[in-house]
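Let me give you the structure first, and then I'll get to my questions.
By written order: A, B, C and D. Residues from 1 in each chain.
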């Protein structure tokens, strides 16, 4: 069953001279219990896409296209109705668990807040439930964690508390925006395993936003690779990683040093640096750095070309890129 | 080998003073480094990996003589840095430079690139204006920037370009040793490779040896011949990088390797911590509370870093086979 | 928290001792002799010496300091040279005017600042925000005593609604409060302007924090998130500035009391300066220092009660 | 400069008002309509006219001349008091930031302590010890400025020193003095300039208050604060006399505050980047 269907999503931010398009025509679907990885570098629009799904885009930004969640259109939904969905049906986990928790409020009370808000629980009942949730995310000492202030917990513990807060109302979709970027790799592995486990037991869907293709690869059924506001490629994780039909994805895969590769081997580099969203022209945002650029790449947005198994690539030369990997 | 190693870190200890727990009580101390020893051989870049709080950044500061250790010595080509006078230490600094993590914080926003890159020369003195200008221009080209960029300010460059400027600054005195603390972790993936290739080129062409500090195994493995793994202020395992990561001997190294996300295989999920970590007795192995292989002895007695053959050293009572 | 309080109390005591030393040191350099002033220019040297002895002015500095402090602790502030009466009741009566005045001004400033600060932060960059910020610039620029004079011109001279000054005493509380309203406004406007700006910027900072996004993601409305999550975080800087501004408020009260001819501490001290009545000035300055330092102690405690990290850091 | 001014209304208006203040003082040095202190009883309380633009006061002195000349005391007190504050404050603040440890704690505690004695209170103490006068006012206001500048210097210097560029300078072998001049001062200068502007405004207010109480400028030196206190004695006969000096003070302070605010926006590289 399709839980979420995003169709041609756009986010525009008015700037001094003209509107800047931060997300351009994002299209993807998510079934219940499925996980989607959204991968991109800084300025790729991945975080803005996540925020738009929550209706939390910056106040002046305009969202276009369609976001259907559980059969309901979220674009243009009034703030009150959106508020009832947030934290209840769709929850979000943020990158920096230190700053994402209110420093002045005990962790237990923060975890309890969505329960009071959406389940109409009393503060006391919600507090008891919060302690149970903290235990559920395998915090070592849930009673202590509930009484603690955020600064008294370690980074990993704080992120577990964030997750407990997110799953409190049994959401059908959890959006995790770089949930482990601020954490050590060993803690990252545990947090990602925890998310996998929660997904398996509750059937919630997960959107995992990350700058690291490898993080997403191990935990997501499908991936979407974003660059300059566009989803350049999306599809089942295996297919995208092994039979990519997009030069950007391929370049990313080759630019990454892999442990086990011979030392000092030259990495394939991508010249230049990611474009600022102000500088994205009418063509493909990757055109300036791509080795396969044609004239048309600079003048027109590449169309989304569909291949087997829901594999989609936005590239004029996608068809030429056979299974070369 | 008779010649002194390029950098010799010998039994370095460092603890930071904590605020007093009560008024008038004694200060507590948080050990950052306890008994760290290793040697960097010229021409063989050395990597240090570890998680946050493992003491790796403290190590970088002490290796550069920016901070004094409580005990132990740091020798650059046999000269003990902390026994040198100010003037001699300043002269030594020409031979060792540093690259920082944050390409936005490490360049003074109010200086032109030329002055930034020439700063190590200014500290040494005795370089004419014309020569300085020429060397800055040459250095800019060496890191793939244009000589004309010298007159611009840092904010006019992208993150990757800024890191190149930082590298140019570190190389202007033609140092033998460059200490790089997380040099690429703030860079976008598509830019990281450029910086790593540049570092590889510098090792080969300019004879630079790196002491590379990073949390990312892949980055360390790419650059460094030898690697030390740190945990809570101690080296728990050291040896040739490839062997270290292919067959870890210390359970912590194994945990790190398993936890590192890879494209070519699914992650091995670490056992979630179900029980609270046992409080460390303070005497035992620092990793024991987290170690899946821990046995009673591990909580009693801390293992020392001992030779394990093939140039490897490991601090574990029950190393993995 | 108990530990924190204990520690802060120790700091408070030490600060007060230093303050008393500073006040004593500055005032004792004073040329001129209290005994001479009291007896007038016609007094014989013998009479002056006798009075000096009686007042203890011929004792060594350390003994006089010890006596002064011991007296302060007992509530015995010594004898006024000009009035010939005990200082404690003089100052006590003046505080009955000055403290309510300061409290009213502070309350007024806090109420305005909270309302205007939240309003402006909520409408950042829009016309309402610009209007509030413009008004605070004017509030900061207008000297309190000029505002006081302008109000006298409007309400007393032109409209003849209130007397131009004076204080009827607390026998009639309604009239007493009425007499303090204009002075409190004159005194409170600048404080309100400062605190409004602090409230606005502290709130804007809090609104930009990640935890506000978390609060919205939980399903809180913008307004609920502002009141429940942003405001408590903004309160610490606001309270801190309020504490720091208290000294300026008291200083302003000295000036404003003068405009409205209120028999407060400020007027008492100014009169004592012209009377060369050192001891009254010394006691008055010390008392103000005690008030300021004491209030800042309370602010510290209040901030620590709000922010657990401050309790931790102090320990 | 054009770039700095564009779209920055505060800076623009602040610069105009402050420029007017400086111009007034400069003009009054060479010319005033009448000698500011010249008493002319026949014209006492004369209404504004072509001869006396703002009228004359209770002693027949020309108000316009006094306003012009009064700006000199305001500027004198402001410049010297802010100078004292900058001189000692920057030195103390830098010392604290570079020395850390006990020295830093002691200096900061002392600064907190001085906050308990605002300029007016210090002036009252000084006056009762040494008698009233402009010098006392300047010293009192200057001393009150020191801790404000010192705390700002320390805080901004610490954040500059914590940046990696300061660490990089140390790593390349530069000494503390070189780092202070090359890295710290240029990066904290904008904050100091802004604060100095605002302290200038506060000094003008404080001088006016002191002179109003009779603790500052003494006759015959013209001062806006004293003009207000003179005006108060004839409030029922000539309320307008209270308008001009107060407006002069308020406009000067407004100008300096706006200038400070405008400079803050103009000098903040983050804001500037956003605007361009």
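In the analysis below, a residue touches a chain if its C-beta (ideal position, glycine included) is under 8 Å from a C-beta of that chain, and two chains touch if they have at least 3 such contacts.
Because the structure is predicted, anything quoted here is derived from the model rather than measured.
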Given subunit A and subunit D, the chains that contact each of them = B, C
Key: Winner on C-beta contact pairs when A-C is weighed against C-D   = C-D
Message = Can you work out the whole-Å distance between the CA centroids of subunit A and subunit C?
response = 53
Message = Can you work out the whole-Å distance between the CA centroids of subunit C and subunit D?
response = 22
Note = Taking each chain's mean CA coordinate, subunit B and subunit D are separated, in whole Å, by 50
Query = Tell me, which residues of subunit C touch at least two other chains?
reply = none
Request  = Send over the residues of subunit A in touch with two or more other chains.
outcome  = none
Remark   = Contacts from subunit A onto subunit B in the complex sit at residues 41-42, 138, 140-141, 155, 184-190, 192-194, 196-197, 211-215, 217-219, 241, 251-253, 255-261, 263-271, 273-274, 289
Task = Using the touch definition up top, name the residues of subunit C that touch subunit D in the complex.
result = 15, 18-19, 22-23, 26-27, 29-31, 137-138, 140-146, 149-150, 152-153, 157-158, 164, 244, 247-248, 250-252, 254-255, 258-259, 269-270, 272-273, 276, 278, 281, 285, 288-289, 292-293, 296
Task = Flag every residue of subunit B that touches subunit A in the complex, lowest number first.
result = 51-52, 158-161, 188-194, 196-197, 200, 203-204, 215-219, 221-225, 241-242, 245-246, 255-264, 266-267, 269-270, 272-277
Ask   = Which residues of subunit C touch subunit A in their complex?
value = 209-211, 213-221, 229, 232-233, 306-309, 312
Query = What does subunit D use to touch subunit B in their complex?
reply = 163-165, 167-175, 178, 182-183, 186-187, 269, 273
